[in-house]
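There's a structure below that I have some questions on.
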Amino acid sequence: MIGYAFMGAAHSQAWRTVNHAYDLPLKARMRVVCGRDGGAVAAAADQLGWEEHATDWRQVIARDDIDLVDVCTPGDSHAEITLAALAAGKHVLCEKPLANTVDEARTMTEAALAAQAQGIRSMCGFNYRRVPAVALMRQLIAAGKIGTIRQVRAAYLQDWIIDPDFPLVWRLQKERAGSGALGDIGAHIIDLAQHLTDQRISTVTALTETFIPQRPLPTSAPTGLGGGAGPAGEGREMGEVTVDDAALFLARLDGGAIATFEATRFAAGRKNAITIEINGSTGSLAFDFERMNELQYHSTAAPIAEQGFTRILVTEPEHPYLAPWWPPGHTIGYEHTFTHQAHDLIQAIHSDTDPSPSFTEALQIQQVLHAVGESAGNGRWTSVEKAA
Amino acid sequence: MIGYAFMGAAHSQAWRTVNHAYDLPLKARMRVVCGRDGGAVAAAADQLGWEEHATDWRQVIARDDIDLVDVCTPGDSHAEITLAALAAGKHVLCEKPLANTVDEARTMTEAALAAQAQGIRSMCGFNYRRVPAVALMRQLIAAGKIGTIRQVRAAYLQDWIIDPDFPLVWRLQKERAGSGALGDIGAHIIDLAQHLTDQRISTVTALTETFIPQRPLPTSAPTGLGGGAGPAGEGREMGEVTVDDAALFLARLDGGAIATFEATRFAAGRKNAITIEINGSTGSLAFDFERMNELQYHSTAAPIAEQGFTRILVTEPEHPYLAPWWPPGHTIGYEHTFTHQAHDLIQAIHSDTDPSPSFTEALQIQQVLHAVGESAGNGRWTSVEKAA
Amino acid sequence: MIGYAFMGAAHSQAWRTVNHAYDLPLKARMRVVCGRDGGAVAAAADQLGWEEHATDWRQVIARDDIDLVDVCTPGDSHAEITLAALAAGKHVLCEKPLANTVDEARTMTEAALAAQAQGIRSMCGFNYRRVPAVALMRQLIAAGKIGTIRQVRAAYLQDWIIDPDFPLVWRLQKERAGSGALGDIGAHIIDLAQHLTDQRISTVTALTETFIPQRPLPTSAPTGLGGGAGPAGEGREMGEVTVDDAALFLARLDGGAIATFEATRFAAGRKNAITIEINGSTGSLAFDFERMNELQYHSTAAPIAEQGFTRILVTEPEHPYLAPWWPPGHTIGYEHTFTHQAHDLIQAIHSDTDPSPSFTEALQIQQVLHAVGESAGNGRWTSVEKAA
Amino acid sequence: MIGYAFMGAAHSQAWRTVNHAYDLPLKARMRVVCGRDGGAVAAAADQLGWEEHATDWRQVIARDDIDLVDVCTPGDSHAEITLAALAAGKHVLCEKPLANTVDEARTMTEAALAAQAQGIRSMCGFNYRRVPAVALMRQLIAAGKIGTIRQVRAAYLQDWIIDPDFPLVWRLQKERAGSGALGDIGAHIIDLAQHLTDQRISTVTALTETFIPQRPLPTSAPTGLGGGAGPAGEGREMGEVTVDDAALFLARLDGGAIATFEATRFAAGRKNAITIEINGSTGSLAFDFERMNELQYHSTAAPIAEQGFTRILVTEPEHPYLAPWWPPGHTIGYEHTFTHQAHDLIQAIHSDTDPSPSFTEALQIQQVLHAVGESAGNGRWTSVEKAA
């Protein structure tokens, strides 16, 4: 695993757990974690449960005893590490967004397709697909339960930078993060909308906004999502926020659906509210991550007097991913999405099939992000380039 | 109509509206409202829309142009007025509880049965039966949708006297109100539980509590539920609270169900929370008055992966009482329960059938209240006397 | 009152009730209802409680005993009736949208301003402003409780025409209704967003869609929202739907906020779901009409460990409009919004002040609708013309 | 760890995770898991992550390299194993209920107190205390946020044996399980009510019921909660259910509060619904495990117009147990309660303090269970024996 911050911790929890939650044909073994700061990565290895630690990811990739490279760094280094890993014949799990630019993402995708011919698997980490309620939502749609998809309304709402004194961390810098709310969280709802409907976004009109254009520079090494800002006052150094705080867009999908999307870090009180509702010709489905064990399902097939949204508590063994977990009503949490992702990747490697989302899918999401950015800049409806 | 306080206002709204909401074979005409204070009742007649006003209810009952007497006074005068009205050949709508004692209730019931033989109708005002969601709940149970009833959990939670400075209004005096939370609001959930399950409570074990035993005497005429208390401090006069603040009881019903009941005026933050959940062998139904346009319905007949509580928005024309109201999703409120009650009473009078709840039903509820009071006093399981 | 269908019924309920719910300096008197079909309007007068009925609105407007004209017809006749009424020196309440075109709306506004100089009042019926929870939301925002407004997300979701066999009623015809979901329900959320934030929409980018382009012609006179369609099959006659089924748009407001709007009649299971959430720099507020007695309020002023969305049950006497209604927790319904509107209009007439929303405000909403329609047609960000 | 079924799997997940989630002064090491069936326990060791496995718990307890014994067997063997472990100088974590009888529980408690003098720690596994929302609830009550506690309403609702064909597993046999819903799940809400209020139940009146008195004998080894029943039909063998399906009781607490309790396995649609609401003189708190990341908090200290239940999303670093987990809004699940429990036990062992709940606390809960059983049998209010 390269990188060991927030995503690294979440992935580590998955790697530690997946062998024990599921009965797998291949067992995950946590060989080595890699980071630039030798002392910090040593501490991380100990804390997160890795056998070894290293500071040079090239050496790690070169090792014979490494089969899979898990890329958890910021987006600006995804391409370089991933390309090297694929070239070295390693399977790759790369955190989303696949890259900070479409060009990088395209190069990575081409490399992945070439590697695929050699039996090398690659996957991009859109973990929210693996929420059981989301997976159930996809099953119900695929089974035709809500008919023809008409509308999607998706939002990803957070509020962690609402305070103007929150410091200028890497996620607020375009050169590190690629974009702001758009790529960080908007990418997830783009993926969910497309994955759930099995339609692709074809054209968008967008708006982005940066509410707080300047923020104090961080005074300490970032931990978790943040890092401390210096004391407020005259003397403190400020920097430009170069990414969007919020991104809104309308879209048409290639199967005829229309959609609204909103990604923001300024929705006071909304902490990790991924909400997605899909309306079809014979029913609707709605999900809110803050109640991730629940799915709302309405069907016009029920008698009129009994219709309504059914709150399915998605904790039954019949539900996706849940058979090996706990009895009904004994809920799971955020981290389980990564365990499910690890499970699916291991199964794919073992069965010589392609895991999803592939780099091709991730590239297409990158192209949607690009189209959104372009539309926000020029004010026009913008078509999404075809990934293929 | 005799009495014009909170219940009188609610009933007046119903009488003003029922002709216009429904297409009725008999039209309600609001002839005269009656109260002891001449000036106040004149103002009430004007405000509430009555043609005339009077201070002597005996004279009102004696009038030939009165067909129906609506008794909205405190419980201690229900019996006298109702008996006189029935004796004068008037139909009677009497607010709940039917009386403050079982003896009075029994006398009233006997009079009602005798009057019934002359075509005189009587009804006790348990308005919450006429919430459309509650009526739908009864329909679904009667249709066998949740199978054999196993359990009932019913609560009626309020908090309007949580402040120790709230004054000693009539509802806190046993001689006026009969009991406290038990008779005032507990009576409603007893009625709902029995009405919905079509089972009768046969035996109870109970506990009652008065958290604030002394309160300041009211300094002004009561309005609405209350009336002002004098200023806090040394000199103010205090009185004994002689009723329960909260009543809790367990019950067995004659159809095999078991139940918990709770009526309290001390549940901070719960304003008019009538919650009732009924679990059957093949499903459950749950209702909360604070969301009175909704009913929660779970059925084990659905595929396991799709099961859950369905929030039925009870606003469709297919739902009880709702055809003449607004389009789906355009909700109704508390006062509509009285309009529905008025509708049902007028229909019963016109069609020469007995409205429900009859006095016999109301007497049985009184007997349950009595058994609860007795059990709370002696600590024993207590059987409910048979009304018949 | 001119017109007596759905809106006429709702307004009548308000006029019947407002004198009794509130203590008003002027009393509403329901003199005459007017409609084209003599038999039907006679029945309506009887059912809805009007003293007289008429078939010629010009004659009604000419009467000396009429002070206020309540225009409840479809949008295509608003202008003609309203202009005549104002010219005759009558106060006017005109249902929304003010007109089907900006030009008509502008003419009406000019007439209203001219009449205003003579003490004649005019008001446009955006009833949802008068939901107590909405009025409270505005109070809290005005008091600075959520700080600087950053984002608005507003949706009005219905599903009443989701069935392709639902007939081609007047609301689906551009020449009668002006537009579809956009003007009918989108107008409400435009009004709410602007009213609540006290900001005006300045520019929009939009998308509209008609999912079902042809529908069966109605076979019977429309009642309520609908009217029966002929039997499905070979021979039935079809017609073009000439309005939008759904309208989506992004907006910038003149105070710096950004917003998403969605109006649709195709959200299966959503019956009258007006949802609006407003995020400010120090808090958020959220409302859903299907739970109209509730308001969700988040404030960053609370201790972090105690923060969250507070579900305010908006039924206290301290809340807007509610003092004369029922005790806390005893909810109100849809129709009360019209009673509150009637109250505010009567108070304005009595106190010689301008009721809100004025025609000027309604014209501005019309201009937003126009800009949305234009943007949906040409795919460009479109500025909203200034009403003033 | 002795036993490796449902509880064993949950505890194993905690032991695997606790070192990595928290920075602990002592590290958990998973030395050996013990069970009667050699093959099955070997498989369990592999699956659950234990270094070794064994079939004789006495030998395990005798090992020098074991410091802590985690007892996850059915209740009928808790006493024997725990007494042996304490006698051998091992710290003990014993699943709840502490034992099947008060006598056993008392003996265990005495042994624990004796061992405590030698620095040996013992803890009973009431894991739901360690839900962060529950821990926050306790903090808020202890801080006086809701004033004097007036009322508690607690329910634990499940439905896993609602099907009459569900087999007669050990949990339905008195000799193995001690009692049914009462001890299995009722014990949890007794613990929560007392833990949260810091009051002890002093007297109870109760009712228990067995709705399905006979069930098919299981045909296969139990897994998870269940095990298959033989095919329905003539020939299948049936057995007596010797425990309660549901237990209801009212209680008085020694601090003046009154309470209702309900434990049932027959609430169709309720999967693991631990609901507890506590009403105090100045506020209320409510929790539902099916939404375990949320706490509802009402305070009368807020301005009246802004009061309501605040849904605290208990995922902030400021909340109990959550600092090392994920960012706000990134929820946790059921299993985390065991990780938190493991954390607290390890901290207590390291700091030479007593973990809670102690055996003394667990004995008192056993005494409450006993009083409930007795009252259900004889129909009388029954005092809870003092543990001390």
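Letters A, B, C and D mark the chains as written, and numbering starts fresh at 1 in each.
Going forward, contacts are C-beta pairs under 8 Å (C-beta built on N, C-alpha and C of every residue); 3 or more make two chains touch, one makes a residue touch a chain.
Just so you know, these numbers come straight off a predicted model, no measurement behind them.
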Farthest chain relative to subunit D (centres taken as mean CA coordinates): C
Pair exhibiting more inter-chain C-beta contacts, A-D or C-D: A-D
Chain centre separation in whole Å, for subunit D relative to subunit C (CA means): 54
Separation of subunit B from subunit D, taking each centre as the mean of its C-alpha atoms, in whole Å: 40
Interchain centroid distance [CA atoms averaged], subunit A/subunit D, Å: 36
Residue list for subunit B, restricted to those that touch at least two other chains: 270, 307-309, 313
Subunit B residues touching subunit A - in the complex, by the definition given at the top: 136, 139-140, 294-295, 297, 302, 304-313, 316, 318-319
In the complex with subunit C, residue positions of subunit A that touch it: 146, 150-151, 153, 155, 159, 162, 205-207, 209, 211, 246, 248-250, 252, 258, 260, 262, 264, 266-270, 277, 279-284, 298, 300, 307-309, 379-381
Interfacial residue positions of subunit B with respect to subunit C in the complex: 6, 10, 12-13, 16-17, 19-21, 23, 47-49, 158, 160, 224-225, 270-273, 289-293, 313, 315, 326-336
